[in-house]
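Both of the next two complexes hold chain A, though its partner changes from chain B to chain C.
Then we have the complex of A and B:
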């Protein structure tokens, strides 16, 4: 197990290196437009464009550019945005807490809602609750989260004339109420969207486990229904559950871009979005690297957690 | 096919002992199915209606150059802006005085095209890859399944944002992303199905009478996994529609001039507080189309292949 974990962790930099090379090449070779021309404007003279090239180091060979960029990133210098010349590192640090809180809260909501309703739905199979839960899962997967988020803004504003506060990030320990007002409503929407998958899988695996012999034995020896469900059945649904939580994380992580835009949260998702629209290459370059790293690390954690959940899993 | 049929027919003694039980007439069987799945019937009607509307809009907008709607969805009528729903404008008018009902009708075009594109250019070739991967196994299986895992792990929106940076926005960029996302949509499930299917005796039998591998694949494996392909196509259509509207809503989808439900939502957002109908109707349109395809897929899965019930969630 430890050797497997170590090997997987040692392999991380290799994957990240490959991702960074692909992104770098994609953003240098494919563009139909020279970023320097975008910056200088339509009426720029070739001399002005040339000057910008030299300033940004775009006149050097691509390998040299890559090495320069990587060594800067390694030293913690992410460079400046093309538009506005802001320090990318500072911008990322300022925006990170808001995005992280949104994603984490949503993930917590999706696990709580998904697991509890999945189990209830399996235990009370074919009841009206089961039917309602399954129907809402289909609705949850069909109604776009941006539409739900828009409704979340306009309904309270029409009925109670209420608007969530906007502005910079406030940590929950500094101003809990303000923090809750900003982050809890979008987390509920994103989380419930991510819960649909968890719920469906939890219901299926739970039904399978509930039909197994050892659950019947546990019932037969006189254990209470919930004791059997929580203590015996739940444990054996954990491995597929962890996999689907990993998938839900990806869904929520992607959805956070939309949620940040609709709820005017000044996070990394909006930064990525705006930079892509402006075609701010250095920002996009770094944020692709960042998102890829997050996704890869989460998948690694999911893979490693199988061994903790189920000791029978052997890694080689 | 003829050779195999003769070979098999020759081996079976023809006679009265082999009479098949009388078949239920197709009309009766269908009526029974419909009675048992009222939700599926509604979903099917809705999907058919949407496809008809989408096709009609494609024909009228791309061939005849006019929109099939009571008003021109792009015509600026400043004096008519922000009118609430009325008999004249059932869904109201927006900030440019465009009739929202006409915009919703016109927007069916891009959703239909994108859904169709996801299914035909993305999903179907991908489905064949998945089947081939399960049938041939070996290196092909390895390459296809590892690529599928890599794509499904990485959130597509971030890849798309990188592509936007490289190419700028536009229909081609969306097409690339819709196709990439649909290619691996069914490959894992179909691979598993093909793996099971190739163990069957009839595969062995047709190989024994000299059928080529390609023939076995297209005449025996593909028809047998058809239910999974149809269900997958239904959900890929839904996902493609959802993706296009989400991207257009974020302002990185189709060109702003193209009528699209996502763009309507994006434009309505600023005035939604005072004129909620601006976002309600396009939002409902997207939700209903996606819901229709998802419900249809769920029903088809239950009807076409009872073995799959519960397996896919």
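Then we have the complex of A and C:
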């Protein structure tokens, strides 16, 4: 397994290189994407635009620009934003906890809700609960997150004059209550959206497993219902479950951009969105690279976890 | 509930009051966050006695809807507009300000203002000091700071500052407290133009930091009533009282905490929870809902914005024909546009937005009535008479926010009714639209919402050459310059009205549609506000919190 893992890790730089090249080139070849034009303003002379090109290094050949940027990133120097000249590394570090907490909490909500209701739905097949869970899963997958988020802002506001606190990130160890109040609405929405897929898959897989011979044998031996489900059936549902959790992570990761925007959470998603609109190339390039790395690493972890979940899986 | 409605109805505002009500909260994108900065009565103006005795202290919480990339008022280009406006309102001092309702010059740092002749103005400054941060270290404000600031702004501003770029010849500083402006011709809009219609380029910055980008970006040093106390990468900005401000004991508040809320719904929820103390930009449904929920706890104000929506045509065939422009104007149903975009709230807008009340044409003026006339049948006849190419497709460009996508949809549908074929491309980002479409005049038609100009000459200067439309008309130019040269205010008001008539009669290719109206809500404990005087209220230092 370790050889497989090392091989996958060895591919990481190749994938990152390809992603970075594609991003780098696309940002520069698409029409109306010149940040110097945006920065210079509407009646700038070509000389002023050229001066900004030189200042930002955009006058160099694209290959030279790429090598310069990549070597800076490799040294840990992410550069400055084009707009505002802020240190990108410092901004990323400042915003990372807000985004990471949102994604992590959403994933936890999504797994807890998805797995538990998926199991309950399978065990209580064709019951009222089963229908409610299946219906909720359809709603969860079909209603956009941002709409649910807005409802979650409006309804408590109208009924209780309540609003989730805004005004900056507060770490859980600094003010746990405020932290929870900030993150409960977006985590619930993103998590429940992600839970829908997990719930459906968990139900289907669990139904299949519950009908298998070894489960029938366990029951015949007199084991309790929950003992059979948790101790015997559950483990065999984990492999597909881990796959779909990996997919949910990517969906939540993407959804967090909108959630951050709606909830005014000053995280990496908002940073990416604003920078993309302003053609702030170094920020967009780095955040695409970061996102690609995170997704690849999560997929690698998912792949490796198969061997732990199912000893029959062998990596060569 | 009836009581609440009765109370609300009693405080409804007359049309005249509405016309005066210009946007303290509506300085375009930047100003939405800035304007609340200290809305209240200006220094020297008493708080209404009905609000009780002002108490010093407390931090007011206001909404910030945009991230400031930095706090540098200097370029490159238009990128400095948003931070420049914010620091101009919040951190830097200015010589004076001219509220839009009266046109009266209210001295700020200026002590004496002497018009030596039509082209020369001498100003003596009051004593004031900068904030105590290195390298300035709390030293006195000198006239050379103002001179250096003006000269740097003159180098840097990108567009539309014709007084700075064309009229202001030089600035002299005979001593540390005196500054003399020399203009190359009389310019009657001097007092508003020297604030450039907004307090961006009139900011007084210590001369020794003008080239220190790091300080300007991150830790600006001004002599205004607030000091920058902190922020999270340009959001959640915290301002604290400058204890040595030139007005002892003011501001009354200890500070302003801006709470970043980019989403309107979230901001309204935060206001309902009293996490922020004032909210603006409500439509009448939202206003009624707030009144229903909170009744006496709230004060509601209305704001007829100086912003205005417009359709701009490039002055090239077929739009270089005044008959075509007239025909297009007849095809535009401004009332419908207002209904679709603002639920009917707002005022139709002639060449000048109605908020510049003293300068706008009377609603019975025949030229203005023709400007507002909607007659699609007549429009079609007029376009046919001008041999309009009905088989040609015209591209109507726009930017992504501020209801521009809705605006172009309605305009396109109205023009299509008279047979004009319109193509709507994808929306552009604002900065891209400014740089690629409006700035270089790269459009056939474009529709957008103007910034809330405080100087009445600015909306008219769009028809003066050079302009985005490549429009040149000697009569319009002469009328504009005649108004700008007239120093007697009453005479200038008449000349400004005449300039508007000339623009209408010549069918200048920018057709203004309407100014939107919105509502603000303030918790009753936040007192001493000055509203509806342009951005004047943003300089108020007597707002206070009554939480006793």
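Observations on the structure shown:
In this section, the second predicted complex is superposed on the first by the 314 of 316 C-alpha atoms of A that agree within 3 Å, B and C clash if a C-alpha of one lies under 4 Å from a C-alpha of the other, contacts with A are read in each partner's own complex, and residues count from 1 in each chain.
By our rule, a contact is a pair of C-beta atoms (placed from the backbone, for glycine too) under 8 Å apart; a residue touches a chain by one contact, two chains touch by 3 or more.
Since the structure is predicted, the reported quantities are computational estimates derived from the model, not experimental observations.
Once the complexes are laid over each other on chain A, chain B and chain C cannot both fit and instead clash.
Touch criterion met: A:52 reaches chain C, while chain B stays clear of it. Touch criterion not met for A:223: it reaches neither chain B nor chain C. In the superposition on chain A, A:262 makes contact with both chain B and chain C. Look at A:291: by the touch rule set out above, it reaches chain B but stays clear of chain C. In the superposed pair of complexes, A:153 makes contact with chain B and with chain C alike. In the superposed model, A:166 makes contact with chain C only, not with chain B. When both complexes are overlaid on chain A, the residue A:277 reaches chain B and chain C alike.
Residue contacts after overlaying the shared chain place A:16 against neither chain B nor chain C.
Listed for chain C are the stretches 7-15, 61-69, 331-339 or 475-483, of which 331-339 clashes with chain B, judged after superposition on chain A. Across the two superposed structures, the residue set of chain A contacted by chain B and also by chain C is 32, 150, 153-154, 157-158, 261-262, 277. Taken in their complex, chain A has these residues touching chain C: 32, 37-44, 48, 52, 81, 83-86, 91, 94-95, 150, 153-154, 156-158, 161-169, 261-264, 266, 270, 274, 277-278. Taken in their complex, chain C has these residues touching chain A: 67-70, 75-79, 158-159, 213, 217, 232-236, 257, 259-263, 265-266, 268-270, 272-275, 293, 428-429, 431-432, 434-436, 438-440. By the touch criterion stated above, chain B contacts chain A in their complex at residues 153-158, 161-169, 238, 242, 245-246, 249-252, 265, 269, 272-273, 276, 279, 283, 286-287, 290-291, 294-295, 298, 310-311, 313. Residues 23, 26-27, 30-33, 138-139, 141-144, 146-147, 150-151, 153-154, 157-158, 197, 200-201, 203-204, 207, 250-251, 253-254, 257-258, 261-262, 272-273, 275-277, 279-281, 284, 287-288, 291-292, 295-296, 299 of chain A are the ones that touch chain B when the two sit in their complex.
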